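Presented below are the structures under discussion, each in the form of structure tokens.
Here come two complexes built around chain A, the first alongside chain B, the second alongside chain C.
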Partner chain A sequence: MERFLLKRAIVLVVTLTLVSFLAFLVPWIGDTDPARAIIRSRVADLAMDSAAVEALRIKLGLDQPLLHQFFTWLGRVFQGDLGLSFTSRLPVADQILRAIGVSATLALSALFLALAIALPVGTLAAVHQGRRFDGIVTFIAQGFVSIPEYWLAPVLVLLFAVELGWLPSAGWSGFETLILPAAVLCLRPLAYFSQVMRASMIDVLHANYILAARSRGLGLAGALVRHGLRNGIQPVLTVFALWLAGLLGGSVVVEVIFAIPGMGRLIYSAVINNDMPMLQGSIICIVGLAIVINTTADVLYGVLNPTVTVSGDAR
Partner chain B sequence: MISPGDTPCLKVENLDISIGDAVAVARGINLEIRRGETVALVGESGSGKTVTALSLIDLLPPPLKVTRGSVSICGQKITRAAPDALNRIRGNRVGMIFQQPSSMLDPSCRVGRQVGEALRLHRRASRGEAFERAVELLREVGIPEADRRARSFAHQLSGGMAQRVMIAAALSSDPDLLIADEPTTALDVTVQAQILGLLEKEKKQRTLSILLITHDLSIVSAMADRVVVMYAGGIVEEGPVATIMRAPQHPYTKALIDCSLMRTAGGGDLESIPGTIPPPTRSIPGCRFHPRCPHALARRQESACAREEPAATRTAAGHLVHCWAAEP
Partner chain C sequence: MTFLTRIVRWTMRQHWTFIAGLLCGTTVALLLIAAPVISLHDPVAQNLSMRLQGPGGDHWLGNDQLGRDLWARLLYGGRFSVVVAALTLVLSVTIGTVIGAWCGRVGGAIDEFVMRVVDVLISFPEIIVALFLIAIIGPGFGTLVLALTLVGWTPFARLARGIALDISSRDYIAAAEVLGCTRTFILLRHVIPNALRPISAMTFLRFGHKLITVGALSYLGLGVQPPDSDWGAMLADARQFAVRQPLLVFAPGIAIMVTALSVTLMGQGLEIDADRSRRLRAGQS
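Let's look at the complex of A and B:
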């Protein structure tokens, strides 16, 4: 276990260094002159003093070789200093931290809601495999996968906020503002989770240990709860981790529509405003989080499934 | 000894099992096991033994189902019983062990919990009591370091160990009947002997009836009091183990015994029955064994064997034989 975590920590550092290099190169790829961008972010005036630009270039070390700049920058990144935002002139790290908290709240609400519905629904669909309930569930799941968020979100806002007036239409100020975006965001993972759960519970239903459990006097429901769920949930956990890693980066569409100050909107406005430090910081944070989440999922998998040994050795 | 008036531990009457409504996989099964008796149900693969076993505790996987007849265990009717009533009988009055013991254990549940499960269900034991009793049971079935083993998982056990665990689980709430479906088929020969010895020991300690389902005649004479021979979904002969093995009356039983390795241990050629067991989808008119029967008459088209199913004949040796050539 310790070796496994150590190995994952090394992977984390190596991956983050590589990703940082790519993130570092973003301004060059985008053909943006950082010095000009910074000055433009400070003085709205478009007439730019080329002497001032040159002075800033030297002051920021932008005249140094590329690799030298990179390692200076990387050193600061690993100390948690992601620089100042071009637009707000506040530390990027603080803003990302705040936005990730918001996105995490939204993502976890949506995903746990999806899980809470998908586990029983997927199990029931497996039990009723090939019958009407199963057909309806599969049909609805396909619908959920194909409904685009940019359509569903405004429709729900029109219905529940504008027409019925039950919920606020946008903003981020407590539980009420969480309901609509979480509902929109949960549909697609709900569809995936329920279908994965269904498939895995169909395998479990035919497993010999369920037959043996029933021969001891457990009813079908009892056997599934005591011996089925724990085995059937494992594939769902894998999919859950993938979704969580994906959603922590923020959902641009939902966050923009509902005016939620999360990662999606942060990245969206960073792109719009050419805010390079913000973009770089976001990329690094999201990749780092994804690795941490997948490692957590692997550890959890080992806890659920005793035949999987979590170790540093290749198996 | 047990008086004949006792309620039989298991009584199966005229049982038919089909796939859906069409294909019959077992027909007209009659079976009775008295208290403390061991009955062996013998036949080739595909003769319907396992299906019959599962029907006894009403756990046939769909689309298999019982279409006619009845099963009772200790006088309680199993066929068409309510699910709750069935759950109270399974694991309580009747335990079952299976062919692939390792796959019969939940891979993510400690074996001690599974052994104690029937106690939790039928004896209302607390979690701690059930686990303690499970450790005792594991010790009883010969598992070394039982308290440590009770905390291990299925993948940490060998096949023989897993079968011991299954036996402990099946016997935990002291059932009257143990259904053992090919309990040693998947195990090494040396382990086979240990498991059979364990079953014998348990049978003597408790008043346990055993239905031993097997294709292996060598274990039958050591274990069983009576033998029931199945062929293609039907019973062909039934009788006390000694006379069945020494003087089988049905041509199929004869052929089966001739094929078994015991008879050829002296150095003769290995026998085999020509042809194969017919699939349940093929219906055979007359006696189901007649196409493979060495009996000369059976081969003739006009003989009764090819036209009509033989009824049971009680022979002088006390066998019930389903054969036109059998003489009372």
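Let's look at the complex of A and C:
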């Protein structure tokens, strides 16, 4: 276990360093001159003074060797200083922190909603394996995966906000504004969760401990709730972690459509406005979070299920 | 001819969802390929006097906000996303399978390293990678394909590695080796045929996701660039006219859904059979 944790910690550090180096290189890959871009973002002047550009270049240390610049930059990143956004001229770190909170709220609401529906549905489908209920659930799941969010979202807005007037059409100001985006976002994880739950419960149903519990006189439902659920839910938790990492920045379309000030929309507007510091900050943040969440999930998986030998690849 | 009948026979033996998906998917593909023949109108020809008209006459689905024929736009619009999604998948499958199978065979530190890379990339949303790449090298066909392939190969690598490990530990491989078969022969005769079904099942199952991601980028204005259009871009354009002409919103959405669903059904059909034959094998051993 210690060796596993150590290995994971090394991988974590190496990956994060690599990713931050890539993020650092971003302005150099595109052909935007950072000094010019910064001046343009501040004074919106296209015909700029070349002396001013040169002065800023020296002030920012852009005349230093690349690796030297990288380590200076990395040092600042470790202190939580990701620079100023080109567009808002506010600290990038503050904006990202606020956006991550919003995205996490949205992602967790959608995922728990999906979980609440998928667990019973997946279990029922496993119990009815091969019969009509199972077929219908699988078909609906495939249908959910095939619905684009950017189609469902406007249609739901049209129905619940414009026609019926029950819910607000966009914004981020409390529980009501959370309902529609969470509903749109939960469909795809719902489909995956229910399929994973179904597959794992099918294995559980054939396990000896269920047979033993039933032979002691416990009904099927009782046996599943008392012994099956705990085992069957583990693969779903792994998928849950994957989805959480994915949705923290990946709900771009839903956040743009519903005007939610989360990570996805932040990245989108950074791309549109060519806001380099914001892009660098969000790359580090998103990749870092994804790695941390997945590592935590792996470790938790080992803790929850002691029979899994934790040596890199399970079993 | 015999080849054709063999294909038909093989198809008829598959699960019914595969056949349903195949029929539906082929229809969509034929419609997209034959777009110049079937559509009576030019997809970019504007006719402002026909703005937001409902279906009627030779405009089978009506006209959009600029009076362009919706049916023609639907046919031509599908081409971009479907081609990007399909091309990305072909690249992802090839790269992923080669890397995964290779890792499974060599093992050791290389295997460990590549699988950790896969662990990191696999949870990374494709749309974010695409957005970052667009920010760096600008939007376009190549950017989309590159971005979607960059993370797209990972699930295939994981699957191919698992299959390679599984197959190479089987008795019939050992038997073939004892019989003196060459490595190439074993690869062609045993490894590839056994790996083909699960890998193609996953390929079909990933298609819908790719298609939707391409559409999402176009919806955000970062995928297909004007004057070309695709279903995602059409949805974005139609949004403000949704109340006056709902068909403008419904048609592209349903087109994406039908295309994605039919390919997904094919994948599911293949997967069901893969499960069934695996259970049969497990039962025998």
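FYI, the second predicted complex is superposed on the first by the 296 of 315 C-alpha atoms of A that agree within 3 Å, B and C clash if a C-alpha of one lies under 4 Å from a C-alpha of the other, contacts with A are read in each partner's own complex, and residues count from 1 in each chain.
Methods note: a contact is a pair of C-beta atoms (placed from the backbone, for glycine too) under 8 Å apart; a residue touches a chain by one contact, two chains touch by 3 or more.
Keep in mind the model is a prediction, meaning the values are calculated, not measured.
Which of chain B and chain C touches more residues of chain A: that partner is C.
Of the two partner chains, neither chain B nor chain C is touched by A:I117. Look at A:L279: by the touch rule set out above, it reaches chain C but stays clear of chain B. Look at A:H227: by the touch rule set out above, it reaches chain B but stays clear of chain C.
By the touch criterion defined above, A:L62 lies against neither chain B nor chain C after alignment on the C-alpha atoms of chain A. Once the two complexes are overlaid on the shared chain, A:L167 sits clear of chain B and of chain C alike. By the document's definition of touching, neither partner reaches A:A104: not chain B, not chain C. Shared-chain residue A:V256: touches chain C; no touch with chain B. Once the two complexes are overlaid on the shared chain, A:V239 sits clear of chain B and of chain C alike. Against chain A, the residues of chain B that register as touching in their complex are 57, 59, 61, 83-84, 87-92, 95-96, 98, 100, 103-109, 114, 117-118, 121-122, 153-155, 166, 169-170.
Listed in rising order, the residues of chain C touching chain A in the complex are 112, 115-116, 119-120, 122-125, 127-128, 131-132, 134-137, 208-209, 212, 215-216, 219-220, 222, 232, 235-236, 239, 242-243, 246, 249-250, 252-253, 256-257, 260-261, 264-265, 268. Chain A meets chain B in the complex at residues 206-209, 211-219, 226-227, 230-231, 304-307. Residue ranges of chain A in contact with chain C, taken from their complex: 11, 15, 26, 29-30, 138, 142-143, 145-152, 154-155, 158, 162, 241-242, 245-247, 249-250, 252-253, 256, 267-268, 270-271, 274, 279, 283, 286-287, 290-291, 293-294, 312-313.
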